[in-house]
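For clarity, chains are labelled A, B and C in written order, and residue numbers in each chain start from 1.
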Amino acid sequence: MIVLFTDFGVSDPYAGQVKARLAEHAPAHQVIDLLHEVPDFNPHAGSHLLAAFAHGFPPGSVFLAVVDPGVGSPRDAVVAMAGGRWFVGPDNGLLSIVAARHPDTRLWRIVWQPESLSATFHGRDLFAQIAAEIARGEFPTDKVSPTDALKVEFDAGDLARVIYIDHFGNAWTGVRGAPTNARVSAAGELFKHSESFGFVGKGEGFWFINSVGLLELAVNRGSAAATFGLKVGDPVQVQRLN
Amino acid sequence: MIVLFTDFGVSDPYAGQVKARLAEHAPAHQVIDLLHEVPDFNPHAGSHLLAAFAHGFPPGSVFLAVVDPGVGSPRDAVVAMAGGRWFVGPDNGLLSIVAARHPDTRLWRIVWQPESLSATFHGRDLFAQIAAEIARGEFPTDKVSPTDALKVEFDAGDLARVIYIDHFGNAWTGVRGAPTNARVSAAGELFKHSESFGFVGKGEGFWFINSVGLLELAVNRGSAAATFGLKVGDPVQVQRLN
Amino acid sequence: MIVLFTDFGVSDPYAGQVKARLAEHAPAHQVIDLLHEVPDFNPHAGSHLLAAFAHGFPPGSVFLAVVDPGVGSPRDAVVAMAGGRWFVGPDNGLLSIVAARHPDTRLWRIVWQPESLSATFHGRDLFAQIAAEIARGEFPTDKVSPTDALKVEFDAGDLARVIYIDHFGNAWTGVRGAPTNARVSAAGELFKHSESFGFVGKGEGFWFINSVGLLELAVNRGSAAATFGLKVGDPVQVQRLN
């Protein structure tokens, strides 16, 4: 299974071009569009999202992860194997959280360049081919070189900020779990805990641990982002009580 | 064929997670994203849309239908067979129109819970597996229990309201057909009938019977929603003349 | 490979219905969603986009191209073979640029109508079946008739206008390449050249030749559309210096 995790946008003709390449180079493999709306130009938020999603995918899955504002400049391209899954993308921190959180992580730098490499679309021209070869079980040893460390690494602990806002207006944070009696606040508001939407009043705000294990702020049948003015990057306070 | 009909949003990482599960549990089956923008929190509009779309899909198709604002609270989960097609989703009315409109309808309650069931994402954790088993032709008799009726049922007649607005600004209603001389009005405007867009002036409003048999309000090369201030839920008057 | 290129919108239930038909009629063939957000009602912009994308797809690819504001009125439906690839769509200019730019182009008019043809959704009812048959290698000689020319043809030279704006706010033009010392201006602004985003300052505007060979206006980590007020149709000046 090849999993696409990018900021290409769902409306734009970028994911389709990548999938056409994957269809050529790995025709027998399923391609899953996981997320094409990673916050733009934000590998930091993306790195925490990617690490949270990875668990839910089967061993051997290959993630093509592209949030790459520095494309065309001399940032490196890398392959990571972490937790039994593969990750292909730029060395700008995007893969660093998932890499740091698994003891079995192995890393390679991509040293190959295709004959035709556009300056702005390495997702299509470079990463797609590498991902396809890994998915086919033909690890491209001729195109990569083992390395000990990524050049850009983010702090692998929880990120107590909003990292994603979905179309309902739910605000995901980079905090992995919290006890139900934790004091959670953001944007000057204290949020109460609830297991799910159906247990609080309509229009009421609450926090819960979402389906990939992250602390999320929500409003039942409403938008937490609009109600509380939340946006990606906003800090969240999580106070664990004794 | 497995057909996804949800309010997960096209931009968000929900449909992709469902498709990854389907790829694991029913890898040989095509998955079609029909609609991920059913009006949020609105199983009523969704139920009329679902019933209108179902006809166009081949017998044996399995619809995974999720518009589920009550997820996590004690609403039931059900399977319906209606008109030779399968439907899996919450018992909140979403499946009730398609179920009511077919004489061959059979119903089951889902009595199984997976070991790992998130409180907020039954589409991925529960419905996807049931849908996959049905698509594979392995009806999960151990996971469901026959039932005589749904707990939540909407009126199965036409719904004379706007139930969907597309990106062109065309406003779909829940009215199944009307004679060409019917008087159709909405938002205080009387609409004339036309077979299609090309037969009225640019910027002119009209109604027509759309490609799934529903009465739709439109503006040629413009937006009916913006021109007339239409939104989901607005009433539409259809007066059949003698 | 069947490639979808339409203005159906990514949020709406149109592409899914087309894909369901393709899954019925060409189940063994990959379907790629290239673009569903061709500017609405704008086959002119679409024709230049389509011609630019076509090169990147393998020989034998079948493009189902639908930007069809005249659907239901008596515009023709056509098939083109150009550059070793197939194109199925309305005869409203959309296929005319790619057809004009290849010396091997062959054209057919679609003379067949399905038993059930909606007035507003020929993409699903007509074009999908023709595209499926071509993809299967069963050219539908009984459904088409050779023709010498399209009825609607746009100028096949460069189009010095904005033809697409992506979600980053990058503005694509219909200009195929320019020397790096060309003077490029739009919206009263002179743009400098850069190979890619990483080489200019944050918030700085520039032009580059994009990954499908078109001149594009961009802002590093910002939106060219918002910064300079660019929109589809705006003229661009490209002055080639000696």
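By our rule, a residue touches a chain if its C-beta (ideal position, glycine included) is under 8 Å from a C-beta of that chain, and two chains touch if they have at least 3 such contacts.
If you're wondering where the values come from, they're calculated on a predicted model, not measured in any experiment.
Counting the residue numbers used at the interface between subunit A and subunit B, under half appear in both copies, so the two copies meet with largely different residues.
Rounded to the nearest 5, the angle that brings the Cα atoms of subunit B onto subunit C is 120°. Here the CA centre of subunit A is 30 Å from the CA centre of subunit B. Counting partner chains per residue, subunit C has residues 10 touching two or more of them. Interface residues of subunit A facing subunit C in the complex, by the touch rule stated above, are 9-17, 19-20, 23-24, 27, 40-41, 69-75, 118-121, 124-125. The touching residues of subunit C, counted against subunit A in their complex, run 1, 3, 10, 30, 32-37, 49, 53, 56-58, 166-168, 195-199, 208, 210-211, 220-221.
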